[in-house]
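Okay, structure first, notes after.
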Amino acid sequence: MGMIGGGIGAFIGGVHRIAAAMDNQIELVCGAFSSSAEKSIQSGIALGLPQNRCYGSFEEMIQKESQLDEDERMDFVAIVTPNHMHFAPAKMALENGFHVICDKPVTFNLDEAYELKKIIEKQKLIFALTHNYTGYPMVKQAKAMIANGDFGKIRKAIVEYSQGWLATKLEDTNQKQAAWRSDPKRSGAAGAMGDIGTHAENLLEYISGQQITSLCSDLTSFVEGRLLDDDGSVLLRMSEGAKGVLIASQIMAGEENNLKIKVFGEKGGLEWQQMKPNSLVVKWLDQPQQEYRTGVGNQYPQALAAARIPAGHPEGYLEAFANIYKEFATAVTDFKNNELKENYDFPNIDDGIRGMVFIDKVVDSSEQGSIWVEL
Amino acid sequence: MGMIGGGIGAFIGGVHRIAAAMDNQIELVCGAFSSSAEKSIQSGIALGLPQNRCYGSFEEMIQKESQLDEDERMDFVAIVTPNHMHFAPAKMALENGFHVICDKPVTFNLDEAYELKKIIEKQKLIFALTHNYTGYPMVKQAKAMIANGDFGKIRKAIVEYSQGWLATKLEDTNQKQAAWRSDPKRSGAAGAMGDIGTHAENLLEYISGQQITSLCSDLTSFVEGRLLDDDGSVLLRMSEGAKGVLIASQIMAGEENNLKIKVFGEKGGLEWQQMKPNSLVVKWLDQPQQEYRTGVGNQYPQALAAARIPAGHPEGYLEAFANIYKEFATAVTDFKNNELKENYDFPNIDDGIRGMVFIDKVVDSSEQGSIWVEL
Amino acid sequence: MGMIGGGIGAFIGGVHRIAAAMDNQIELVCGAFSSSAEKSIQSGIALGLPQNRCYGSFEEMIQKESQLDEDERMDFVAIVTPNHMHFAPAKMALENGFHVICDKPVTFNLDEAYELKKIIEKQKLIFALTHNYTGYPMVKQAKAMIANGDFGKIRKAIVEYSQGWLATKLEDTNQKQAAWRSDPKRSGAAGAMGDIGTHAENLLEYISGQQITSLCSDLTSFVEGRLLDDDGSVLLRMSEGAKGVLIASQIMAGEENNLKIKVFGEKGGLEWQQMKPNSLVVKWLDQPQQEYRTGVGNQYPQALAAARIPAGHPEGYLEAFANIYKEFATAVTDFKNNELKENYDFPNIDDGIRGMVFIDKVVDSSEQGSIWVEL
Amino acid sequence: MGMIGGGIGAFIGGVHRIAAAMDNQIELVCGAFSSSAEKSIQSGIALGLPQNRCYGSFEEMIQKESQLDEDERMDFVAIVTPNHMHFAPAKMALENGFHVICDKPVTFNLDEAYELKKIIEKQKLIFALTHNYTGYPMVKQAKAMIANGDFGKIRKAIVEYSQGWLATKLEDTNQKQAAWRSDPKRSGAAGAMGDIGTHAENLLEYISGQQITSLCSDLTSFVEGRLLDDDGSVLLRMSEGAKGVLIASQIMAGEENNLKIKVFGEKGGLEWQQMKPNSLVVKWLDQPQQEYRTGVGNQYPQALAAARIPAGHPEGYLEAFANIYKEFATAVTDFKNNELKENYDFPNIDDGIRGMVFIDKVVDSSEQGSIWVEL
């Protein structure tokens, strides 16, 4: 694995490195960790890489790695830069024969996403998007229960992703994460909706098995002077007749990373909270409420396969993130062995496009006075 | 107290009777418990009333009680009939000099509510509406914290009231509660929104201290053949600049009576769940999350006054309901002593009108294609 | 009902009055509310009683009430005095033909308890002890599941009752509750173990269906100068082979009224917490964990019968307490109608004796150096 | 790192490998994964090791690795075999100059533990014991709060470690984990008490800062024919005057890995549950209950340093385990740089000896009829 972005002081780069390392299948062999060549090399050395594999730019990395022996060179690139810096390195990596795993949202805007899809299809390479919340065992159990019809036809879904860290104008301090996320030139058309709303959208479509078909959104910038939305609420209608509500906010002062979802059908429903990820609460019309737990038997195989350790030993965010990497690594290995399958359980370019469409439409609806728009 | 409605087989009548009895201040002395004279008398006798105080109709009750000595006759009427039967008995009781405590929503439609207000003002009598969820100690703590500015300016509120008991077409069975609630002739313009949406609206305005100023709603009748909405989601804008989401549903199969609210401001926020009513979770930007608990010290006096027993002894729905009756009984006593104050902490006719406006506008918005409407 | 004790400033008297009033079956008609005649009458008048039914002493009350017409006089007495004042009024009431409902522990010492049993048997009257925690619907469900063998043979039980209100020397302030509870002359041989340990013991034997047969206890007075134990831990062996642990403490600073129990058998087990009384968590070897909830269907009839309102409307301490009164009132009515049954679901004199034996043995074991003693 | 034990089918070996890999500081370079040479090599190859570093026995591994260049050879061994196979490889590794990290309990019996301590001291090498539960951030916060006197003098502690997986005679099936754990020849003098009771003992002493000084234990083998205890309850007295209860059970059918602890002092107390590891509930005499959360500010530096990702992204068992490895790796690096400090925050041989003393005394007490014994 070669990493693009994720130098000293970054948050998500470290997460990707731990997730990649966890299962002893992936090794970090090189990186272009910063737009500053000096910082990139500094970061790489701090991470224990040999200096000749610490590159000053992603262009240099891709070019030089291409020239190494197949045994030595990186197998794929992991892109963990701000949103406006996803497309160029993804394009160049793919065009030079490297698979790509990329942070979300997939690109800066929808056009780039469509363009990227064309490149992936042309190059016939593997592309994964780290919508990591789909990696949790109980999320996979939830998806499987709904897909299997355990609750009958799905009627209503509510997904909320609340954070509080942008309740003040943090971007005016020296906080790197806040700075780029609230900057339209680096983040894209949406703030909170792009950063975490897309996670909520992805989780909802993943679990429910339905796509959002129209929406009505009300976005706000509560913090004075902020350039992008820091809060939004959206009414949803979905492809199989369900209705929904999606809320994403980064100004819920005191909230940590409160992503939760409930989906209900004719016979029952389920609730899952990211901050209590090893429990899936299941309710039924006629039976006592149940709590499914990571690793406990009598679950769908997808859920059991996503757990690493016996029940009762809590698995968390990094393990879920690592499940994306693990499945991606499986695909990369299958590719090498000419055994690539049609489907893998990681988010791909189509999920990326869904996310970009969602951002576009959510902003569009709100700007037009919170009217209904079709997706 | 004389009761109108609430005969054998009714749910809410029993709740009112327990709530009224709890504090040894109110005695049930008579009733017109059913539209069938026979059933009314049967119910009254089963409740231990003397036969001459079990009336065949509310008209008879009000008329005959008026003629009794002041010491003997009822002080007020409690109206616990279906919605379409609120206005007439309330009007007649008031016009005959009796105070009224009435179940919600206040009337069948908005016109009746305005008319009722005029009568109350003319008669100068006491009218209380049993939006009982405002009776919980932790709800009073929540309201006081916000009113006192503990969280700074309020930005976002989410209120959800989910039930599952109407997930099937229960009104086609012999279920009395379902039958009238899903019948437009008895329930009014809205189903779930009138029955529980108004509770959510009332709780939100009570706690936040802000009024809903405009809304965009999406109502659905998920159960085939049902005549009124059984589910709805509403985007809200509020009088002091907050934005909100209100969800009310009776088709969340497996949900019991899941009313919960979160309100967040600049410095922190709070969450309360009716099914865990003795806890108020409070979050802060810079401090560990807190759990306020019924009856524990260091709270606002309104909260402490609403608790009956020491901390750790859970108080529930009936105690909260009884708090409405207790405050109403205090007002009735003050009235007798010519010491009526300007404000009491129970919902009144203005809250009733707010509820009816909410129903009207929620239905209006949805029928026009889920557009924004002003309140 | 005539009340003995429970005047102004008392805690448990008010609880008894609310519990008795709740179901509209019992009316407070007289009382001897204090050992001071003046305070007794003051309290009675504040409670709305006519002055001639406010007595200066329990002796006066029992004597004078005996002389009233059967229709007018009290049916039974409720004894809510400190422990050392249970026996005398209970004895006199029974000997004058009145049923008795009495707070726990039943008497000041074991001899009194045995004596009281003789009187009850001779008089053939009804005696109930308010071990109120057995009144919760989910406690009844727990008992029924175990009795029915749902978990197989029971192996292990843990019961803990933690409070923090005596973490400081509250008895040195003017706190009435603390004063008598920590005074060996009014409380008896044990402090925390008598006050709340007996509740834990009663709950454990009620739910498990097994009796404690031997124990090893370690009692402590953590607060300097305190005369009775304020904390204790006890190892237990039980009649059907189960082993257990019982912990009771009033110096767990910050704990409210944290009574909880878990009981496990061969196939699964259950957990119940008094502060979340409407949930019963049930665990199974091979199935997802379940949460039984007050009032939800598919439960044992004893549990459903103990709920007053539909599921999701939390019932609390007062409702559970009222269930004891309700069952007692049923017995009193059955007695009047000469239809007394053999068993009622309220704690009786035998439970009271169990509690006094427990206190004796727990103190005995600890004083002898925490050795094992037989019950 | 070279691993001893942990071949295909083992549980804890995989945990150690993930924990070691997580922070990109430690690389698995060789192993003797099984007592069968064939299986060992098979396992090593499956883990991606070159065949020449997959050894047939730990003796071979230690000997051959010793002869490799310093740059190439393993730095330390990780011992993840059953208990009876800890001492011999630890001794040989240390005597050949390798640091050791070892699973718990440290040895088969107390004599071995004392002997091991001598060797460690003589060799002046690093020895860590994976009592992993001390690696959780909230456990470190708990320890720091108590050490800092936040709760005043500590009075009472309760620690419970409940599992249900041995509720049936699993050792009679082909279950490897159950087989050795219930075999006195491989597990040692105790079953559940050795396997999980020692974790509870270690956690209690770590958090409370007090040592157990005497105990009275009641051990049971509930499953017929089982050779070692599968359940036990222990009364404790501690070095600074606290009293405690320790419960360890593997027959609580339906329990997963329910380790929880509460410790209370004069001013308040804390509760932590391993299955909700990112929350530390803190209670106070005079303030609302608090919930400290992993990674949220205003905590002790030890707690903050143990978190890898921002608040709200749950960290679990593997992260806590990895914290032990991380601190051990720091010590190993410091050793290389001749900068070894006096104290590191990982369990060491003294903790191991405490555990073995605990096992000895707990068994001793129970065998003598559950009497008090001194430690």
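By letter and in written order, the chains are A, B, C and D; residue numbering begins at 1 in each of them.
Basically, a contact is a pair of C-beta atoms (placed from the backbone, for glycine too) under 8 Å apart; a residue touches a chain by one contact, two chains touch by 3 or more.
This structure is a prediction, so every number in the text was calculated from the model and none was measured.
Chemist: Enumerate, in label order, the chains that touch subunit B and subunit D alike.
Modeler: A, C
Chemist: Please name the chain that ends up farthest from subunit D once chain centres are defined by their CA atoms averaged.
Modeler: Greatest centre separation from subunit D goes to chain B.
Chemist: Across the interfaces A-D and A-C, which one involves more C-beta pairs in contact?
Modeler: A-D
Chemist: Under the over-half criterion for shared residue numbers, do copies subunit A and subunit B use the same patch or different patches to meet?
Modeler: same
Chemist: Centroid of subunit A to centroid of subunit D, CA atoms only: how many Å?
Modeler: Distance between chain centres, rounded to whole Å: 34 Å.
Chemist: Where the CA atoms of subunit A average out and where those of subunit B average out, how many Å apart are those spots?
Modeler: The mean C-alpha positions of subunit A and subunit B differ by 43 Å.
Chemist: Can you work out the whole-Å distance between the CA centroids of subunit A and subunit C?
Modeler: 55
Chemist: Which residues of subunit D are in contact with two or more other chains?
Modeler: In subunit D, 255, 282, 289, 293, 296 touch at least two other chains.
Chemist: Can you list the subunit B residues touching subunit C in their complex?
Modeler: These residues of subunit B touch subunit C: 11, 14-15, 17-18, 21-25, 28, 47-48, 163, 165, 255-258, 274-278, 293, 295-296, 308-319.
Chemist: With touch defined as at the start, can you tell me which subunit B residues reach subunit A in the complex?
Modeler: Listed in rising order, the residues of subunit B that touch subunit A are 151, 155-156, 158, 160, 164, 167-168, 216, 218, 220, 222, 231, 233, 235, 237, 243-245, 247, 249, 251-255, 262, 264-269, 282-285, 289, 369-372.
Chemist: Provide the residue numbers of subunit C that touch subunit A in the complex, in ascending order.
Modeler: 282, 286-293, 296-298
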